[in-house]
Structure formats: structure tokens, C-alpha cells
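Single-structure report; data block below.
We call the chains A, B, C and D, going by the order they appear; numbering starts again at 1 in every chain.
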Amino acid sequence: MKKPFAITLDVSTSLANHTGSWRTSRPVYVHRLPPCNDACPAGENIQGWLNKAEEGDYEAAWRILVRDNPMPAVHGRVCYHPCESACNRARLDAAVSIHAVERFLGDEALKRGWMVPPGADTGKKVLIIGAGPSGLSAAWHLRLMGHAVDVIEAGAKAGGMLRYGIPRYRLPREVLDGEIARIAAMGVNFTFNHKVEDLGALMAEKGHDAAFVAIGAHLARRTNIPARDAGRILDAVSLLHAVEDGAPPPLMGRKVVVYGGGNTALDAARTARRLGAQDAVIVYRRTREQMPAHEEEMREAEEEGVRVNWLRTIKEVDEGEILIEKMRLNDDGWPEPTGEYEKIAGDMVVLALGQQTESDFLARLDGVEFDRNGVVKVDASMMTGHPGVFAGGDMVPSERTVTVATGHGKAAARNIGAYVQGRTWRHPERPELARFELLNTWYYDDAPATVQPELDLARRQATFEEVVKGLDESNALFEARRCLSCGNCFECDNCYGVCPDNAVKKLGPGKGYVFDYDFCKGCGLCAEECPCGAIAMVPEEG
Amino acid sequence: MFQIRIHGRGGQGVVTAAEILSIAGFMEGQHAQAFPSFGSERMGAPVMAFCRLDEREIRLREPVMAPDALIIQDTTLLHQVDLFQGLDRRHGYLIINTTKRYDELGIGEYVNSFLPHHICTVAASEWARKFIGRPVPNIALLGAFCALTRRVKLESLQEAVLEKFPGRIGEMNQKAAAAAYDAIRLN
Amino acid sequence: MTQRVKFYQTGTWTVGNRLLDAEKRTVQATTERRNALTSGHRACQGCGEALGARYAVDAALAAANGKVIAVNATGCLEVFSTPYPESSWQLPWLHSLFGNAPAVAAGVAAALKAKGRTGVRVIAQGGDGGTVDIGFGTLSGMFDRNDDVLYICYDNEAYMNTGVQRSSRTPAGARTATTPAVGPHPGNPPGQGKNPALIAVAHEIPYVATASVSDLHDLEDKVKKAMSISGARYIHIHVPCPLGWGARSCDTIKLARLAVQSGLFPLWEAQDGEITKVTPIRRPVPVSEYLKLQKRFRHVLKDEAMVAAIQDIAERNIRRFGLLGQGEE
Amino acid sequence: MLKQIEGSNAVAQAVALCRPEVISAYPITPQTHIVEDLSALVRQGKLGNCQFLNVESEFAAMSSVIGASAAGARAYTATASQGILFMAEAVYNAAGMNLPIVMTVGNRAIGAPINIWNDHSDSMAMANSGWLQLHAETNQEAVDLHIIAFKLAETISMPVMVCMDGFILTHAYERVDIPTQQQVDSFLPPFAPMQMLDPDDPVTMGAMVGPEAFMEVRYLMHQKHLQALDLLPRLVDEFETLFGRRSGEMVAPYRLEGAKTVVVAMGSVNGTIKDVVDDMRGEGAAIGAVKVGAFRPFPLSGLRYALSAAKRVVVIEKDLAPGLGGVFASNVRMALRGLPTPVYTVIAGLGGRTITKAALKETFARAMADEIEDPAFLGLKREIVEAELARMHEKPRSGPMAENILRQMGLVGYRL
């Protein structure tokens, strides 16, 4: 075509005009730390595995999950999910029910028999004492690294508090056994019913390069209550253990009073109901607000007919009745006696006043230090005062939950892994937190949280059947898709779409995008319209 | 060159008459030119149209100032407009659509100086009413023009009428023209 | 526990969505999009018009598998896209004058018809000044003749190309270079201006719609629908102008969104003279949320009565179009 | 085929023979009959697939043919007077974009005072728009010029106006030879656009051009006009061989042999002038005439050559540049620059004022005696303007002068 000069132009010739030179600040893709990941004691990449679950690729999701936590089916049930308390979605409608999806993935894995191969053999050997959540977690991670692992457990079975502290109506044993079996299948050698006396000698003899001690805290704390018949008083730990061993005390038709306000107290009371106790009453010296037990469990307990006497202490246990004293909160919020007494009916008292660890055997290792009530001191790398001996779980100072323990196991494994290689483990830098303010929540569809189905009350009170049921596939998918993917791109194409200068190039599914700085004018629309806060604007060097 | 000027009112087919006359002339191989007194006159307003007939190409574009023939379609114009302007009373032709006598029209004295066979009155509106059903005198007057001036043959006029108005209207106008033509030829 | 089984995290709010079925995704989300207005153009940072133009023309191209001719009125879009020797367009494009794009497009459409080049479609586009003011006569003529042209107006509510002067789309209270924020009644006087989309409806042309750069799915659906119809069609797209509105360049889409959510810019659709569909407001906001992000309204925020008057305009739209849910989804 | 028909009707038939593909129409006297006849031909299917647009204004008429031409169609429209001013912006635009549009202008005066009669103010107002402007003397020439115009326009890709005097030609019945389709087809090939809007070969038309290239664009437009100066005569010859007539000459001399006084004019008045020249020659006067057939491109050298022997030149023009005099005359002077030959401007026929043989003859006589004022106003009613000037002098009254004049004349009835 013989075009007229200047008035008629060839198309797309403006590509010669690099408008990138207009820019004073440039957009960059970033990964910010999602609040859920930040809050997870086990250090799970929750946003990461939810992202896969959103696509319905449950196995991929599970594989990301178990890189950090070998027991999703267990945690989906018993974890008190701080992730959900931190979830940004709570500010929109309701937090993503992360535990429910985790449990779904865990159950899927058990159902489908998904396995993970151990790492290539390193020739290093690690001894683990205690097959509770901490020990099991450590074993899993060490096997992933390719180290040989021996686990020595005092009890008859692995699981620790998971088995002896958490009733089956909260954690069915086939689930627990299934996930333990998968850990064992990684090539972990277990020795049961063996109480270690001399750790040093044992390591020397078996040639372990390091040891991880995670024996938990199984010793019930007692308090001195005058009682005609000491047989009327037992502790929660023993009660739950006995139930687990299949030899529960006869409680049929009796009135049980549980003393304490922790989760164990609730477990004891709810267990008592299931053992046929006609009445299960909790006596707690403080208020509901101050109660350490988890809100959900309290709710479930009340639904099952467990009653609570707030601001009371037990003074005396008598035939069929118990003398309790009223307390009041002083100005600092501490309970103090009032001198007023009352009697309540009760045939038996179950003490749930916390547990202690039996760590005396460590005392024989030089360098190991303890603080009050036998808690072992460890450094940042979880190593005790004795080189090569690490400790974690309930026996070290920290919050005593399954997930914290599991996290300890992972952390210990990393430190041990480094130690046996003569290195020290450095935790990678934590990226900026993906705060709610960094999100553009307009773009998320409205969707309230899925409610997990619950067992109807009648059956609940009579049996040890699992109370909380899992999500079905479509609900799990729904729930996963409620994730906001805080701080991490989920390929919504907004940046690609909203750029007035076509300065964003799309690389295709899973590959994300790149900025074309030849043309990006730095308007910031992409960052502003990114739903999940995965783009940051950084000033150009002046 | 023979020049015709036609006076009438908007709606009486003054311009059409000039055009048809030019077509008739053209059909006889003459050069002809017809054009209106370019105006935006509406129904009833005084209008005029011009026609020139010649053996040679007509280049002149001025209006007909000195007509050889003057056709008056509506005598009510007689005293409003300077109708006779430029008309040569000794040689010119004058055709008036009326049933009255000249002195009744108040131009008895004026027409005295015309050659008798150069001047006539025609009851064109009557012919039109009779043959066409409407008092549109223009074609009948052209019939009279043919008879009086012999500048254009009646046959040519009839042909031109049919070209301009194919079909019944044309035929009825032809009848009116013929009637007027005969009326003039006979006296 | 009855939950919608299908749920897509961001649904159709985002440009794309990997969870969404392919046919539900936007043209802009695909790597095959044509970028009718390509990189290197000289629009301001965050230009809403540049964005709206690419959205709309790409959608038209997709609908007519690339066989589109565009006619452009004088204005920002034309000036920033075609300064000699560089053009940003990737389709046949013609600029004639400020006020004649609809007539030029009508001529192009007539030529295509005469040439029997069926399958090639014509769109015309311009800003609010070129469309609603100086070009309104030719636009009305195009509607009247029902010429086979889709006319797209990019409304940034003033004459931006010439330096932000008042147009008949400039909203009440807004400051422009010719409605300065001085005197007893600062800014653009309330009670003026016109609504071209409704006037288009009054022509009873086959299709009329309003759209916003903040709702891409809605915008593309409307362009697609318009392209499926022949005859005169009109789409009026709200495109914020950071420069003229005194807003941050990164707020362009947010502003467009607030205009819709506040009720100041209703989204609707009409066919053959009747309003057939309204896009309901999703998250209602007071107009102040919209006004406060723009310097052109700074003086307005100091004047409660004026803010109230503008809120009334929004309320009227909400009532008139049933923007709170009554509209079909 | 010879026909006795109205000018507008003849032009409509000529345009139809050129096989236009898009026609835009907006009514304005005295051009209206042309597009009316074309609309009928389109409706009767005599123009194949031709599209006829009834637009809402002249601005839209020109705009739509711009679009049509850019899309590769042979496009035509017609206008006059106020209409060409209303489309002025688009008229310039069409030329700027090198679009080969053909437009008929039924020349008519421009108001106020509003006036529907003939003069050349309208096309003159567009003299520098870049359009080529051809002027017809007769309806035969008007017909032929349209056929030539399409070929001229499409060969150099520039728009062409064919100017014909309103009423005088548009409404005149006279003998016209309407060519056959086969003749026209052999002269005018189908439109092969130099550029066009096509999805298969996209271009950007109508770019913004800054100081760095605008001059060059304008210079190239000037060059196109110079090309047209060479091309048009060739087309005239080509036309003559095919049609047996000579039409569209840019400079047409009449009885110049030995002429000391030469009259120069454009358009239909040339016919009357020739009659006057014949008369005066008959009386022994050494007078001749030159018809200028193209105002743009302006045939400077051709005219200079034609007038080289003249002792004096009298320009009859239907246009006035208030305060200057003649526009056409100034262009004629340009052709004679450097020569001592006096060029007298005679402003004539403004707003349809009758140009009579007598008045011309009298004016030429005075010119030959070099006793003519410059500019002269043919047939100006002296007594009226002088009275009005006097009145304005003693007590200036606001309001349109025209009405004051009419009030003075107390116009009744119709006079020639």
C-alpha cells in the first residue's frame, strides 16, 4: 500500500517508544508470609497446600503438608489450630476451616495409602527417646534427611499423649495408628516397653551420633485434699490411661467431680460421662474466661451435660459429698478464698491439675540443666547442656500442645541433622507478614465457613465414637477455596489484566508473570489491584 | 432566437410549461433552453419561467428580458406585476388564459397595437377543467401557443407532454392542448 | 449444611481465575488477547481510557475474530496512541475529526456493505467530549439510521486532552479548568449535564449498555453481546482519569469501582428501547468514599450540603435502576 | 444519447454512470434535485449495491463519505452554500487525508442575509482546503466534469469539487448528451484505493503530525495540485477521444485573435460573455474571452500564456472579498505577475443578481476605455447604497443593513 506520508502509519510502531523511562517506582512480585503459616507451631506451609487443594489436587496438597507435619489426620482433629485464629479471612466472614481441610487430606492419605520415601542414607544414626508427637515428628524428618533413626519408647505403643491423653472420641485410634504406621514405614526402628536409664552409655554402645529426648510429661500433679477414703480420688492421667488400656474404673451411675480447668479436665469429665457416670461436674477455682481449656471443647462438654462450678476449690472429700469453698477474684484478677463453704454431691474426685515430666535419668548426663519441676533447659538449637543431646516436647519450657510438640520434633530434626553433619542449622529469614491491610479483598467471593457435621448428642454421651466428623470432598474443596492466599500469587491474572501499558507478561499456568520494564510506567495499578498482596512497589534508584 | 416568457402563480405549472416547450423544441431538432425565475416562491405567489428556441446553441443565461412571446396563465397578475415588460407590441405574441374580453381585463387599449394574429385569449382553465378535471391551464396554453406562433408543431408538443407526464395525465393534457390548439386555429 | 457446591475463590471478580471453566474466563486473561492498543502509547500512568479501550476493542476483536475496523474521534485516546511516527494500534484504525466519528463509521459500514465485505465489523470510539458534546449530532444521526456500528464512549468526565475543561459529563461539584473551585458555588453546577446512554435508549436502537473498567467480566459480556447484534449499538464506559480527577494513578480501578458501588455510575443494559438488565451493587458505599480520593472534589468535602446533594444523585440512581438487588443477575 | 433535461437530473445520471458505491445526501437548495434523482436510481436498483445515506447534516455527509472512501469505496456527495461551510472542517480533513471523494457544489451565495441564489462565495470559501475545484459552463460540461473528476481524484488520490451555478445550471433544461455506460466504463476503471482500512493489512489513518513533519505534509499536497495541472489536460484529451467532446479545459480561449481586451470568468456566465464578445466583435471591438475551468489547481502558466497578448484583462467574478475586491481576480493577477497588464475586477451576480448582456457590454466598453473603477460592481443600485450610507452616516442604526435597504425600496411585486 502506497501510504500518504505521516498521516498514515504502520500499526504497532509505538513499540519503539520505551515508556519504562517514565517510571519512578517499579512493581515487583513478592512472597509474603501468610498469617496461618506464621501462626502454625508445626511450621506448616498452609497457604501452600491449600493452594493445591483448591485445584482438587489433594495428593499434591498432602505432599506439601507432610514436608512439615507427618500426621495431618491427627492434627486435623486435635490441633487447636492457631492458624485459624490468625486467618485474615476471619476479618471478611469467618476464618478458613484449615483443620478440617487438613483432616480431610490426612484421611484421604490413609484411605489411599499415600507414602513418602525416606532420604538417601547418610550413614548417620540418631536415637530418639519417646514416641510421642515430638519423637515421631523428629523421626519422620530425620528419615526424610536420610539419617538412621532408633526410637525407644517406655510404653507399649507409640503415640504418647496422643494415645494416653486424648480420648478416642476425639482421636480414633485407627487414625493415630495409621499415621504412626506410615512413619514406621519410613524405616524407623521402634523399641517399646523400654525405659532408658543411662542415655550416655546407650548412645556409645549403639553408636548414635545424636539423641533427641522427648518423653513428655506424664506425671500427674497432686494436691493434698483431706479424704476419708483415698480410693475416691484418682488423677485424670491415670483415668484416661486406664480407659486406653481397656481397664476403666467402674463409674456406672456415679457422681464424678473433676478438679481443674484444663483440657485434660474436660477430657476426664467427658470420658466419665461416657463411662456411665450419671453426673460429671467440674470444679474450677477461676472463671470461664480464665479457663485454659479450649473453647470448642468446653462447648462440646457442656452439650454433653458436663456442668462447671466456677470460682470454687475442693476442701474436703467425704462420703457421697464434697465440701467446696467459694472464691472471689481480687483486684489483680487472682482468686482468693471467701471463707464461704457449700457441699455438692460426689462419689469420686478426678484431679486434673496438670502434669510433670520424669526427667531424672537425664540428670546423670553432665551439662544437662533443669529448672523448677524438672523441665529441661535447651538452647536455641534445642540442645541440652550436653553436646549431641537434644530435647523437646512437653519436657522443655513451652506451651504443651500436640502441635507445639510436633514442631519441636521438626526443629530438633533440623538442628540434629545439621549437628551430625558438623554444621549448625539457621532458620531462613522470615518474610514480611501478609497483613490484612495488604490485601484487596474486593475480589474474593463471599462464602461463610463450612460447618463440620457433629455426632448427635445421645450417641456422643454413651460411646467413644468420634464426635466431630470430617468434611466430604466437595466441602473440603469449598473450604480450601475460601483461602485468600495471603501474600502469595494464585494467578488471578489481575496484574496481567489491569496494566494499561500491557507491561505484564503471562507465562502460563503455574509459571506466574513477569513485568516488562521496557514499558511499565510504574502506575502501581497491578499492586493496588492484586487481591493477595503479592506485588510490592519499590522506588527506582534515583 | 425565439424567446418565451410565461407568467403565472406557484402551482399553475408555469415552470413545467417552459420545460415542456423546450422539450418540444428539442424534439424538432432545435436548441432549447428553459429555466424558472429562480425563486423560493410558494403556492399562489407570482412566478415566471423562460424558454428559448434557436437553431444554434444557446449560450445566453440572462432571463428573457424582451420576449417574442408572452404567456399569461393568470390574469389576476395583470395589475400587480409588470407583465408586459420588454414585449414588443408590433411583432410580439401575447396569449392570455381568460374567458373575458381585453377591455374587460382593462388592457383593451394596450393590445390594440398588436398584430391581430399575434394575440389571443384562451379559456385554458376551462379546457383543463373539462379534460383534466383541474384548472391547470399550462398545457392548453401551450397548445394555443403552437397554433398562434407555429414555432413548435402540436405533434412535438404532444410528444413532449407525454414524455413529461407518461400515462393518463399526459393523455388528458394532450386533449386539452389539442382542444385549445383547434380553438385558436379555427378563428 | 447446604453450601453452594461450586465455589471459585474469586469467582468472576478477578481478571482471570485458574479455577474457573475456560469459557467463563475473560479475553484479557488469555495470552491470545490481541492488545489492540499495544505498549508504547503515551497515555498517563494509570490511564483508565487506555485500559478501557484495550478491554473493549480486544473483546470486539475476539467476538469478530479479528475482523474489526475502528474509527476514533479526536481526543486523548487518539493523541496518545497515534503521534507521528508511531501508532499503538494493531487493527485498521481511522481518525478524522472531533465531532464526526459516528458519521465516519457509518460511512465505513456503508462501504463494507457496498463492497459485500460482510464479516468485517465497525466500531467507533471517543471520549465524553467528542461523543456527548461536539459529536452528539452525528451520534444521534447514526442511531437514527441504525447504522451497523458499535459506538463506544470512554467517559472520563471532562475534556482531558485540552487540559481538563468541563464537559456535559462533568459531575456535580467537580472542579475543572472551566468550573473552578472558587466563588459561592464552586465547581460544576448541579442540575446540568446529560445521560447519553438513556438518550441512546430513547432512540430505541438494538443495544445500549453502561460499563466500567472496574468490572471487566461485565464489560466484556456487554461488548460481546453488542457484537452479536447488528445495527446501531452504544456502550458507555466509565474510565477514571488520574490527571483530570486529581487521583493517584494506582487508584484508577478503585475509583471506577467506588463510582459503581456508590450508585453514581449505574451499570445496566437495554435492548430496543427497554432496560433489560441491571448489575446490582455488591458492596454499597457512601459517595464520600468516592469523592475523598479525588482532588477535583476536595472543596466539595468541606460542604456538607453539596456532599448530601451528590449522595441524593446516587440514591436516585439506586431507586431508579433498582441497584440494590432487584436487578437480574 | 441526446436529451433535453434538467441540469441536476443530467448530473445525477452522470454520477450514476460512474458507479458510486456510497452516496451521502443532505438537502440544500439548489443541489437537492441531484441527490433526489440519485436516491431514486439507488432504490430502483440501478446502482447495484450502492449505499445511499440520508444523513443529518452536511457535516455528516462529508464525514460519512470520508469513512466510505477510507474503507475503499467510490464515494460521492453534493452540497451548496451554508452546507459547504457547515462541512468545512470535514472538507479540509478529506483533502488532508488524500481521500478521492467527488462532490458537486451547486454554487450559491452565503448568508447573512440568507440567500438561495447563485454566486461563487461557497466554493471560494473552500479554495484553500486542498480540494481540486472544477467549474462547469454548461450542463453538458457539468456532466462530463463529473466523469473526469472521479478519474482525476482517484489517479492522484485527492478530492475534487465540481462546481455548477445554482439554478442557472442546476435548474435549467437544455440539450445534454448523456454518455453510455460502456463509454464511461472504458474511461473510468473501478476504484483502486491508494490506501484503505482492511483487517488483513491494517494501517493507522489520520495520525497526529507535529511541527517535525506538518510542513512536509502540506508541501506534498501542493505537489499533488501541481501534478493535477499536468494530469487534467491529459484526461481532457483522453475524454475527447472517447466521448468526442472537449470538456474540462482549465483555460479555454474564445476569439483571442487580436484581442486587446480579454474577459476572464468561471462558470455559466461565460455563455453570456461569448454572446457579448460576438456582438462587440461584430461592432469591431478587439475583445475576446477566456474561460477558466479549474480554480484549483489554478492554471497560472496556462492563463498567463492565454493572456500574454492582452492589453487589459477584465475579470467577471461572482464573489467578493470585502475590503479587497475580487478573489478570482487576485488569482488572475498572480498569473500575470510581473506584467504591466491591468486586471479589472468586476464583481457580478452576487446572490443571484441578473447578469445581462447589456450590462456586460456597457462594462466592457468602459473597461476598453480604461474608465472602469476597480473593483466595479455590475448592476449595483447606486441610489440605494448611497442613501443607506448617508443614513448610516447621520444616525447609525443597528440591525441588518439588508432589511433597511428593503425598507427603503418598499419592495412590492417582482421585478427583473
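A few comments on the model shown:
Rule of thumb we're sticking to: a residue touches a chain if its C-beta (ideal position, glycine included) is under 8 Å from a C-beta of that chain, and two chains touch if they have at least 3 such contacts.
Just so you know, these numbers come straight off a predicted model, no measurement behind them.
A centroid comparison over C-alpha atoms places B as the chain most distant from chain A. Chain C has the Cα centre that lies closest to the mean of all protein Cα atoms in view. Chain C and chain D have Cα centroids separated by 44 Å.
Taking each chain's centre as the mean of its C-alpha atoms, chain A lies 50 Å from chain C. Centre-to-centre separation of chain B and chain D, using mean CA positions: 34 Å.
Remark: chain B and chain C have CA centroids separated by 66 Å (rounded to whole angstrom). Residue positions 97, 202-207, 209, 213 of chain D each touch two or more of the other chains. Touching of two or more other chains is recorded for no residue of chain B.
Multi-chain contact residues, meaning those touching two or more other chains, occur in chain C at positions 82, 84-85, 87, 89-91, 93.
Interchain contacts give a graph that is no line, ring or star and is not complete, per the touch definition above. Contact residues on chain C toward chain A in their complex (touch as defined above): 1, 3-5, 7-11, 13-19, 26, 28-29, 31, 35, 38-43, 45-48, 50-51, 54, 81-82, 84-91, 93, 216, 242, 248-254, 257, 283. Contact residues of chain A toward chain C in the complex are 6-7, 9-19, 22, 54-55, 442-445, 447, 450-451, 453, 474-475, 477-478, 481-483, 485, 490-494, 496-503, 506, 508-509, 516, 518-519, 521-525, 527-529, 531, 537.
For chain D in complex with chain B, the residues that touch the partner chain are 2, 4, 6, 29-30, 116-118, 138, 166-168, 171-175, 268-272, 274-275, 352, 354-358, 413-416. Of all residues in chain D, only 21-22, 24, 49-51, 53-57, 59-61, 63-73, 75, 89-90, 93, 97, 197-199, 202-210, 212-213 touch chain C in the complex they form. Of all residues in chain C, only 66-69, 71-72, 78-79, 82-85, 87, 89-97, 99-100, 103-116, 120, 137-138, 140-141, 144-145 touch chain D in the complex they form.
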